[in-house]
Amino acid sequence: MESALVLVIGVMVAAGVYLMLAANLLCYLFGLILLSNAANLVIFVAGRLTRAVPPLIPKGQEAPVVPVANALPQAMILTAIVIGFGLLAFTLALVVACYRELDTIDSDHMRLAEPPPDSGEH
Amino acid sequence: MISLILQGATRLLVALILLFSVYMLMRGHNLPGGGFIAGLIASAAFVLYALAWSLREAREALRVSPVKLAAIGALISLASAVPGMLKGFPPFTGLWLFIGGGAGDKGIPISTVLLFDVGIYLAVLGAVLALFFTIEED
Amino acid sequence: MGWLLALPFLLPIATGLLAMAARRRPRQARAISLAGCIGLFVVVVIIFVRVLDQGTIAAQMGNWPAPFGISLVVDRLSAIMLLLAGLVGLAVAIFAQADVDLRREVLGFQGFYQLLLAGVCGSFVTGDLFNLYVWFEVMLIASFALLILGGERAQLDGGIKYVALNLVSTLFMLMAIGMVYGLTGTLNMAALHVAFAEVDQPAALHMLAVLLIVAFGIKAALFPLYFWLPASYHVPPVAVTAVFAGLLTKVGVYALIRTFTLIFPADFRFAHDLLLIAALLTMLSGVIGAASQFEFRKILAFHIISQIGFLVLGLALFSPLALAGSIFYMVHNIVAKTNLLLISGTARRMAGSFKLAEIGGLYRASPVLAAVFFIAAFSLAGFPPLSGFWAKLMLVSASLEQAAYWVAAVALITGALTLFSMSKIWSEAFWKPHPQDGVRALASLSATERVQRMLPAILLVAISLGLGLFPQPLIHFCEVAAKELLDPAAYVATVLPARDG
Amino acid sequence: MDTEVHSGDQPPTGWGERIWSLVLLAFPLGVTLWLLSMIGPVREHAPIVFGISWIPSLGVELNFLIDGLSLLFGLLISGVGFFVALYAKFYLRGHPLIQRFFFYLLLFMLGMLGLVLAGNLITLFVFWEITTIASYLLIGFNHEKASARRSALQALLITAMGGLALLAGLLLLGMIVGSYNFTEVLVAKQQVQAHPLYLPIVILVLIGAFTKSAQLPFHFWLPNAMAAPTPVSAYLHSATMVKAGIYLLARMCPVLGGSDVWLLTLNIVGALTAVIAAILAMRQTDLKLALAYTTVVALGILVMFLGSEASVAIAAAITFILVHSFYKAALFMVVGIIDHQTGTRELTSLGGLGKRMPITFGIAAAAGFSMAGFPPFLGFIGKELKYEGALAIAEEPTFVAWAAVFANALMVAIAATVALRPFWGRLPEKLQSVREAPPGLWISPLVMALLGLTFGLAPSLVATTLVGPAVTATMGQEETVVLKLWHGINLPLVMSITTFALGVLAFYLQPNIRALLNRIANWLPRNSDTQWDRGLNAFKWAAGVHTRHIQHGILKQYLAAVFAVTSVLLLWGLMRSGGFDMDVDWERLTVKEWAAMALVFAGSLVAIGCRAPLTAICSLGGMGVGIALIFLFFGAPDVAITQLLVETLFLVLVAMTLHRLPHSTEVSGRRVRFVDALLAVSVGTTVCLTLLAVLQQPLISPTKEYFELASVPEAFGRNIVNVILVDFRALDTFGEVVVVLVAAVGAAALLRRKLKPRVPIAAAKEERA
Amino acid sequence: MLQAILDGSSAILALAITLASWLLLLALGLCFYRIARGPTLADRVVALDVLNILAVAYCALLAISSGRDVYLDAAIALALVAFLVTVAFGRFVERNIEDDAPEVAENGGIDDSEHS
Amino acid sequence: MIQSILEWALALLIISGSFFGFTAALGLVRMRDIYLRMSTSGKGATLCCGLLLLGVALLFQDTGVTARAVAAILFLLLTVPVGAHMIARAAFRTGTPMWDGESLKPPKPPKPSRPLKPAEPGLPKDIE
Amino acid sequence: MQLFLMNILLAISWCALTSDATLDNVVIGMVVGFLAMALSPVRKFNNSYFRRLPKVLILIGYFLKELVLSGLRATWEVLAPASNRLPCVVEVSTDFSDQNQLLLLSQLISLTPGTLVVDIDDEKKLLYVHSMFTSDAEQFRKELREGLERRIREALD
């Protein structure tokens, strides 16, 4: 079952990269979402999959009675999801600010920091 | 602009969502939930508030500025390490105190770990709200 | 011990939170930030002395044993990096008091600055791969905020590119760390050292190495992954560029060194080959890029790249001398580069612009500034008896020792081209008369501002000079540090409790 | 041309200036006296070595070696240095930057002395580069002139590039010998010359020496360096710095010399340099430039002679170093005086100064005669020795001899031109008020000229004390040198007379020759100097092209490059590793698992299939649900809930911003998108492969077991994920909260522009000041 | 019954669960069809909304099929929070006509398939 | 016996619930305008959830689980119509066309009682 | 008083969520509920829910019946190959004096498959209802008035 998920990850990565390569910053952002979800899934898959047994210890037990899913990757993903949320939200704010100040969200037209050579600068 | 139906439903929903968030926070150590999830849920309540009523009212309901709330949360998380420090443990060492424990039942737990989780709850709530409020008011 | 090792990031976080809360009272925020930086410096000096005395030291967060809890480990490499972070942090903090405008302070400059330092120090201190990711993110998001703080149009443009490319790096890093865990079942670096020796999946090793090199390579600004750096480093206030130049890319290099000395097996030729190619191209591409620029800060930005090549070169050559050279180069470069950027800020204050065509006359107007620049610049160009020379000497010798003559040739040519750029700045900004006669003397600034601007610069240049004239203690230190890196047994033994068998 | 020179109305000298000038005078004087005291010991004993360990880790010692060669150079540097300093004190009196000038000159002296006295290859190199820096600062001293800056840069770059070659050579040499100390290096001739790296070392060291000593094809920086104030020219570009290369060659002779490649290279390069520089010198009308070119000639001759195994040739070289230092320093100072007093150095606008400036004239004549090789000046002895040496050089006597004669003949002509022409003939109108220079200016050249005469009359004064030991050191074996004014009538004397005749002829024909040369020069393509410019411009152009193509400013291409590099390298890694046996476990998935994966699949495809961002955002929402379901199915409820919440909150956030973003944007062409798609597929595939490769290794995770066993008894929690988050790895959680916090405040800083300090701006500004 | 689920001894329940899974899978696919087709943003948002509700159903189904009640919490969280997206998008659509009323209203406000 | 009846009941709940879910999604596809789509889908999906959640309650027969299942149903009943209303209102106000049996036509121009004005800017506290 | 009831309701919800009806948990539920109310716009409530509990139960029953019936009908509509439906938007005027009742009505209408409140005009107490089964607007209004509206008034007035 890991292999199927690996395939899904591959599709997500490809789709994410494709979206990021569009000049539209919003598309970039969406590509980023895809990629960051893919990264989370990578951690999940790399920690190996177990069907439907959450890492919870039943009341009255000192340790899980049945084999449970690997908890550490889950904790990593949780951290990564929340961090990703912060980064994505900031990026969204940046895109909004860009549109407000530069009047475009097309990255092809963002040439202020690095003006094209014919615009008078060296 | 603002729908009466939305506002009406929000009256109840905000309280319910907040309740749910506290529930998720409290049981997080033993069942799915915890400071993160609870903080996210709680922030959803205030986001709903802001969407349905207005940003101003959401801010008033929150009473503290979200950034301050987040900073307080983070500092609470940090402060949860102080008892450990006093006892000579490294940072983030959990200390547990069980009140009224008996045989088979440890009693009501009070721990720095839970304090840490509460700090996370507040910090996530504050930070997420700060993001939303900024974007909304812009 | 646990607290001592955690303080390098806990202290700036606490300071940062306080400064953020006080951001609308700039004077308080400034005082908090400065106090925090002084505190941080004291802490890192204590740690450094402790490491000099005891060798590698480690602590377990939460009192959970390694490899289950998060380890903080400071070996010599970490210790010197921490020391540099504290030093640069303090120097730039002083400078920023004069250089960063009020508007940006109100928007939270001091808080972001402290949290950036927290991320940097955390990265140096941690002995856990996923925790490293977290600190990278702290550093990254703080750097995003610092970069766009103020929201000028060029800042947003540069910021977009910086953010866009660095996020890609972050995601690759996250994937790679997940897979490293998937390969070994642990995240503790010392445990990873043990576990990687037992991995018998060469394909996985190779491809993970590539992912990590790409991820850290973007952060470190290796060729051809460095686009974000020249696109953005010239847009924020110069204090921000200075701390970025001094520390950010170096954290990427640190991570590369850590990964490919500690985690991956020592005889992993593939990674070293890859790094060597990247290093050589980075050195050349960066320095050639600098030659094409006509702005003070942009030139320096491209040189950051070129010098990253030198730092990685030492890792790629992977000999005691080479690694020692890398570390020495790191020290030299952080000090000199930060200083040059600080000077560029003061130069703009005096002469009105970063564009070389629009400025001049600083040689006459501000002899102290000129002297400080000259020493820092020629140190960067590797002129003896300044610190950069010894760094270059060690790396070139290491290349020659391995009969890597082309590598030595590239290193030397890069040195010559660096000289070209540095003398261009000197000639245009300092020697050439100011085109509008609009240059001010340092003496025309208020006494406070003069101290805030020149004290860090003079401090750093004194260190550069000191390292140039008396390099032996540091070189010896670097040699021991390199030995530690090449033989991580002591590191592993310090972190992991005694293992059976 | 030194416009900064103040002649009459000099402002009072300040304390700083006085102190600096005192130091500047005292230092070389002290060193001279100390070195003079070393003459005896050096002649009697083996070389004297002393010093301290500097960087034992790298084998670098701050040690010094005094033998005949270093003693000779050391005395020249400190002795001539003293007089140049004296001259400079008067020449630049009142100049606003005179303190810096003194400092640079002192730095230079220090570097030069260190260079010639160094007993360690690396130490030598350190001082070598110090002289480079100091000369850069001195050449660019009149920094407000573009030409001075250009010349300084040129000199710096050329000598520094040579320096880097030298460094490489020295490092290789040290590597072969196993030590950088001269005491060991100089006796390792056998070992070094048998080593396969010998040839590269020779080439590298020669590049270093040739750039510093302005040999062909690096000669052009030296005349340009005349942008420096005249005392600098007198010192750096005649007596000392340019001789650093010569010193290096002489110093390296015992270990590197003697081989065919060494001898031949030195002969040919030296001879060519001498001849071409001599021709170029004839073209000049600027006195200083003419002298500069003759310096190049002299250097060429010196190099030519060092390429010999005959002791007489070496002796000739050593003597000529001495001779040249005296007369060239004197002549430069004379030119400086003329410039100082008349404001010009242009030959065509000078004349008849002899009556107005008799002392200067006398000095000029004495130095000129020495340069022209007239008896009884030391120059004559030098020239005789030169011819003797030229004849003694085994390989190409005719070639070397002709080159020597030719170059010397032109030197005679130029000596006459520089030393005599300004003082003869009619005094131009403009110069009617010219007076003799103050004594401070003419004292130094006078001493120089007199030394030339003295040593010419009593050559034995230097023969045994300086020249002999120097030759010994250069040859690496004991040699005695006898210097005589009169050798009898022999072939060298004949050559001398021929030279003289030719020189006089050239002097009289000089205007014609100059015109002819100018015509040829116009007809020839370009000289080295313009080639240098072209080279530099070509480099700048190439750098521009490089940077424009790499750093073009277009984000999506940056991203494309990063992705392309990643996937190519991943493939390369896969190939280098030899691939892996893919053990794909297509274990049967349940329907609901298919459902979740299908959601993710569909979400990704819809997101890229639709052309508008708004559609993409909805499909991403759907995909988020799918991912959450995957987490749920495989036992991660915490993650699933978090995923759902975050996804929801993020979509809300996007929805809240959408009205502030444009709805439609341009769409790239199909072909571009096709390439993008290829790239995307390759990244996806390679990441897939990486993950699959990782999955082939069975996971042994001690942490998993530990967390499961420790969660309840030690951490008192039943949700292991949460226990990890708040206890086992609380630090990660804490850091992550900091990230979100900073993101929030950062976004606020981006979007809010109304934020103001609590104190009014004006008050805050005051407070900061 | 719980035991029957856990050890798979009840054929009828197993069948019911499989059938339900297929039905819900198809339902999710149909939602995606609507998300992809649009034609207006409102249509897509409605589809997303339904998708979210169906996900709640899926959680419930999972709770049944696995015999674990923890999945109920995911269902509650989703039920409480998911409609926020719908609300926010609804607000966006309305805000949009306020911002540039004439032009957007003409083509149904938010029909992004026609924009590109 | 009871066991078997309960199993049948649960199976019925599951199948009918998911069937409602399926038809809801089908309605999303088959209906001609957005209002019809919303009318048929949102509630169908809610019904689906309700039935399945009841199934959960029936399966576990535990107060806690039942309470939470009922809570989930209540929350859905509270939120789903609100969401649907918001979208419907937006569609209505933006004049999204409506199917009148033959073709898509714009709906009657809406007559909002309140003037459509943007939400109050809501000056944040820590700004003044 | 109403707020207190509300608080009790929340405490009960809490106990339901935590599946724990012990006394201390009720107290915790009260506290949490109080805090939640304090932060939410609950204080804007001015009606009472529980005055007529039986009527409320009747309302619920009626609603559930409607829900299932129209649900089935909607399902049929979706599955049927062709249909005779004639959807339209009906303006329904109500005469609630209490805004909350109006809101409840609209919520229940929206919950019922086949009908949907698309807009609301609270000054004129006017609902714009989209109905997919009704072609006769008058008939629809009458059904609504007789059915839901009446029962709501009975339950809450």
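When the chains are written out, they are named A, B, C, D, E, F and G in that same order, and each has its own residue count from 1.
In this section, a residue touches a chain if its C-beta (ideal position, glycine included) is under 8 Å from a C-beta of that chain, and two chains touch if they have at least 3 such contacts.
Here the structure is a predicted model, which means the values were calculated and not measured.
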item	value
Number of steps on the shortest touching-chain route linking chain D and chain G	2
Shortest chain-hopping distance from chain C out to chain G	2
B-F against A-C, pair bridged by the larger set of C-beta contacts	A-C
Chain located farthest away, centre of chain G as origin (C-alpha)	D
Between chain D and chain B, distance of the C-alpha-averaged centres to the nearest whole Å	62
Separation of chain A from chain B, taking each centre as the mean of its C-alpha atoms, in whole Å	25
Geometric centre distance via CA averages, chain E-chain A, whole Å	22
Inter-chain centre distance, chain A versus chain G - centres from mean C-alpha coordinates, in Å	40
Multi-chain contact residues (two or more partners), chain E	21, 24, 28-29, 31, 45, 47, 61-62, 70, 73-74, 76-77, 80-82, 84, 87-89, 91, 94-96, 98, 110
Numbers and ranges of chain A residues touching at least 2 other chains	20, 28, 38, 40, 42, 44-48, 52, 54, 56, 72, 76, 78-79, 82-83, 85-87, 89-90, 92-97, 107, 110-111, 113-114, 122
Where chain G touches two or more other chains, by residue	13, 17-18, 106-107, 110, 117, 120, 122
Residues of chain E defined as touching chain F within the complex	1-2, 4-5, 10, 12-13, 15-17, 19-21, 23-24, 26-31, 33-34, 40, 42-43, 45-47, 49-50, 53-54, 56-57, 60-61, 63-64, 67, 69, 72-73, 75-76, 79-80, 82-83, 86-87, 89-91, 93-98, 104-105, 108-110
Residues on chain A engaged by chain D in the complex (per definition of touch)	1-24, 26-28, 30, 33-34, 37-38, 40-42, 44-59, 61-64, 68-72, 74-79, 81-90, 92-97, 99-100, 104-108, 110-111, 113-117, 122
Chain A partner contacts - residues on chain B that touch it in the complex	30-32, 36, 124, 127-128, 131, 134-135, 138
Contact footprint of chain B on chain C as seen in their complex	1-3, 6, 10, 13-14, 17-18, 20-21, 59-63
In the complex with chain E, residue positions of chain A that touch it	52, 54, 56
